[in-house]
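Provided herewith is a single structure, encoded as structure tokens, for subsequent inquiry.
Letters A, B and C mark the chains in the order given here, with residues in each chain numbered from 1 onward.
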Amino acid sequence: MKLTLRVWRQKGPEDKGRMVTYEVDDLSPDMSFLEMLDVLNERLALKGEEPIAFDHDCREGICGMCSLVINGTPHGPERATTTCQLHLRKFKDGEVVDIEPWRARPFPVIKDLVVDRSAFDKIIEAGGYISAPTGSAPDAHAVPVPKPDADRAFEAAECIGCGACVAACPNGSAMLFTAAKVTHLGLLPQGQPERDSRVVDMVATHDDLGFGGCTNTGECTVACPKGIPLDTIARLNHDYLKAGGKR
Amino acid sequence: MHIDESFYGSGEPIADTKAPAGPIEERWSERKFAVKLVNPANKRKKTVIIVGTGLAGGSAGATLAELGYKVVQFCYQDSPRRAHSIAAQGGINAAKNYRNDGDSVHRLFYDTVKGGDFRSRESNVHRLAEISRQIIDQCVAQGVPFAREYGGLLDNRSFGGAQVSRTFYARGQTGQQLLLGAYQALMRQVDAGNVELHPRHEMLDLIMEDGRARGVVVRNLVTGEVRSHTADAVVLATGGYGNVYFLSTNAMGSNVTAAWRAHRRGALFANPCYTQIHPTCIPVSGDHQSKLTLMSESLRNDGRVWVPVKAGDDRRPADIPEDERDYYLERIYPAFGNLVPRDIASRAAKNVCDEGRGVGPGGLGVYLDFAGAIERLGRDAVAAKYGNLFEMYERITGENPYEQPMRIYPAVHYTMGGLWVDYDLESTVPGLFVIGEANFSDHGANRLGASALMQGLADGYFVLPQTIGDYLARNPVGAVPAETVTAAEAEVQERIERLLSIDGDRTVDSFHRELGAIMWEYCGMERTEEGLRKALELIPALREEFWRRVRVPGSGDDLNQSLEKAGRVADFFELAELMCVDALHRTESCGGHFRAESQDEDGEAARDDANFSYVGAWEWTGPGERPILHKEDLAFEYVTPSQRSYK
Amino acid sequence: MAVTGGLLLLFVTAHMVGNLKFFFGAEEFDGYAAWLRTIGAPALHHEWFLWIQRTGLLLCVLLHIGTATSLAVRARRARPVRYRHRPAVQGSYAARTMRWGGVIVALFVVYHLLDLTVGVLNPHGEHGEVHANVVADFAPERWYVTLFYALAVIVLGFHVQHGLRSAFQSLGRGDARTLDLVATGYAVALVVGFLAVPVAVLVGVGS
């Protein structure tokens, strides 16, 4: 099959960038989307052009490194699927496909489709952990955790930190990412001692980094490849208000 | 026995001098008591470099920083959270005996030594089994959401053919949850200023001074800047080298460069030929394939593996009647059936495909059929158990496994070999420590399911932080002379420029694919003297062609993914040669190394304990030069070697 | 946002319920309007309550618009480079039209005040003759006014649907599905209530 790609090319952080059109033929519907880019890059390299830079690593949907806004949708048209798991059989032969990087001020473009997502690490740094230095732990069975809490904590903890929520949010907010961690740790007994400071510090860092405010549009949860539910944000707000009340 | 020494030289035997001698249960306590301690006030003045942020590196960085050391840490990914440990699905073993089913530290120790086909060190494995219990406690305290039962206690399952339920898990994402636990602990230390973190940095050389590892040269993958960092000690936590096969379940970026650079600087590389090939991966669909996807082994609990009886039978699976199907695992191994260990299941699949009975594109696949399970348990029950795996399979292949059997094929998954380390996890280069999959230590010739996560975290949380203190306390060092640093940087820079200047007519990937095909063919699931010798001709020739014809577009001054790949592939060439040498010299079959010449009358792997009960640790002598073998003899005081049987 | 929106919604709800008095005839409707001016009497002077309420509402509106503007500014800053391929709305349509919807509602409120409070844009335009004003306003030949009114009310419905849902979410309450149901139900009731009067006038009931 054949596709016409319009790809964002940007030499570096200072470059203005532009969309460049590539015709890619001789493709197989069994290829993954990234394998299609591999094929294009091989051809570009042989022609002496610079290949398109894009982030990817595990290619099995768990590391969160791949990104790409495909035809306006983060991770492309298939729901609950990362770009690396998206296959060409989801596209029509001859289709025109636009490929852009995540767009958000806290995610500056490094080159082509590669953006810097270290802002997410900063949010975690601000409090997305339980302070349990190695060696200090009691026996694992010392504190039982009700199964429903453990299951919901797991659901929130499934976040892969890819940033699709930010890319999809019309406000450029990272609230779903932040809320997923707040929810994961806040549902567990081990997470209680730091529950208040965690949410306050994480939200403050989120805002300082330049992410937009959440207006509950729900675009994030639709784009999320792991389907992190929107009510994690309600939990975050609940904890935030409660923590503020105590201060 | 015939050993042709023309392809390698023999060196002095080596020995692990750090493990205490007494009763095995007391060795680790004794060692911990014997280590010299670093004065708390001095810890702040000691800097440790850690390369890699997976389970081993992440946990080590967090723990060393908590102890008060200054940590400088690197990873090639954009965040420590993306290290490939994240992709581990199954679970983590621990001898908690929460099930009261007879598990114990000793049983986990025994199972691991046996599972490793008697090619691992008893002292190390026993320590691993002891620590396994602390790991679970630690992870729960950090908030790792393990699966729980209705009573609120942790759930366990039996995994990889183990007779006891000792595997803790978080659905099919145990690696992810454990890694995020370590990552969060690490980020807490970054925030506290105890860890200086450098993501998107790749280590390209080890800095040596006075015979000790004193630092690393790294390339900033965003700006292209080559810079060095010095420290009191260096820790490599850089994972395995399965990507030498091009196609593997490893992440695209997983590579051997850090370990290989250390090897070139004097660290011995142990057992490079021990490769684990996982039986249940999604088969290759075409030449474009860039990586292979693992599907949890648990599928074999309910799925039945079969191929057509007749070679070249290309009917649709539903059209093949029951009596024209060969459920070969059930036929050959009636006792274990579809649940035989990984290496056996993998080789059996290769054998039936070699007979021309494979299914799917290229005839490289076997069926894993759930029709029986769906009929017996109902579609809903099957969906509840395997729903997400079925979805993943359908997403990748476009086929619905509820309607037609899955196709699976073995794929390279894990490498047991790695840099040689002693009981303290220190390599043969003083001050260079190696942890996690990057070292060779605990799995022998074959790793059991759910043991990789256990080893990575044991090394990082509990072993290294204790043992590295002994080294730091005993070896105060001064500053590294500036000329040593500049020389190391210059060497790295020169290599980068060389790669960029070749300007040939073949891409890096085309070389990598070709190398992978050679390795898979001749140093894959089944190895023969003839094949390995052929590989040892093909690889150097391809390596030479690489340095003549590779084309690396772009420059070294910014993000250049082709350049990154080129450097990694160049090192894979040298590693591939060593793997073939190791595989050729080890004329026995053991664990993940099957030599066709060494099998019993039933076609099962035949070990040769009389001649090969040792660790093969290789010394680098130069590109294309014969490596030198140093043997570390293995002694079995607690577990008597026996031949594995799964019939 | 949630607090000011909530207060405004309380007013809008009371306004809608009050409007339904229209169906009890001119006398009662005009009486109701007159009563509004005497709330709090004798403690409060004539219309004082109304002015207190108006001040409060104005404050809410200003704060509401102020917060919305700051959120919009933040959103713009958070995405300095826009997507070339405009993303399709995947979440809720109501959520994505909050800003424009808000502007439309605000413009409508201005018109509405000039029309039925001040009376300058009303064809009848007599203070105290509320019923007559309304009837004159929605007369069949002025169908475009009714249409504009209806559109504005529907936009308000969307605004309230997401606003209500979002307010609960912002205050950290409830699960998504229940909230959706409650918010949608409330918005529909509001729209139907508001449309009842002009539709009734249009088809000749109550006049």
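Keep in mind that, in the parts below, contacts are C-beta pairs under 8 Å (C-beta built on N, C-alpha and C of every residue); 3 or more make two chains touch, one makes a residue touch a chain.
For each chain, UniProt lists the protein as follows: A = Succinate dehydrogenase/fumarate reductase iron-sulfur subunit; C = Succinate dehydrogenase.
Worth saying up front: this structure is predicted, and the values here are computed from it rather than measured.
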{"item": "Where chain B and chain C overlap in contact partners, by chain label", "value": "A"}
{"item": "Chain at the geometric heart of the assembly (C-alpha centres)", "value": "A"}
{"item": "By number of C-beta contact pairs, the top two chains", "value": "A-B"}
{"item": "From chain C, the most remote chain by mean C-alpha position", "value": "B"}
{"item": "Between chain C and chain B, distance of the C-alpha-averaged centres to the nearest whole Å", "value": "64"}
{"item": "Chain centre separation in whole Å, for chain C relative to chain A (CA means)", "value": "38"}
{"item": "Separation of mean Cα positions, chain B and chain A [Å, integer]", "value": "27"}
{"item": "For chain A, residues that touch 2 or more chains besides their own", "value": "none"}
{"item": "Contacts with 2+ other chains: residues of chain C", "value": "none"}
{"item": "Chain A contact footprint on chain B (complex, rising order)", "value": "59, 62-63, 66, 77-82, 84, 86-87, 96, 98, 134, 136-143, 145-154, 170-171, 173, 176-177, 180, 183-185, 187-188, 190-191, 197, 199, 222, 249, 251-253, 285-286, 288-291, 293-294, 392, 395-398, 461-462, 465, 505, 507, 509-510, 551, 553-554, 558-559, 561-562"}
{"item": "Sites on chain A touched by chain C in the complex", "value": "6, 8, 17, 19, 69, 71-73, 98, 100, 103-106, 168, 170-173, 210-213, 215-223, 229-231, 233-242"}
{"item": "Residues of chain C defined as touching chain A within the complex", "value": "1, 71, 74-75, 77-92, 95-96, 98, 162, 165-166, 168-176"}
{"item": "In the complex with chain B, residue positions of chain A that touch it", "value": "11-12, 28-32, 34-36, 38-39, 42, 44-46, 48-51, 53, 55-65, 78, 81, 85, 87, 89, 110-111, 114, 116-118, 120-121, 124-126, 128-141, 143-147, 150-151, 153-154, 157-158, 160-161, 184-185, 188, 190-191"}
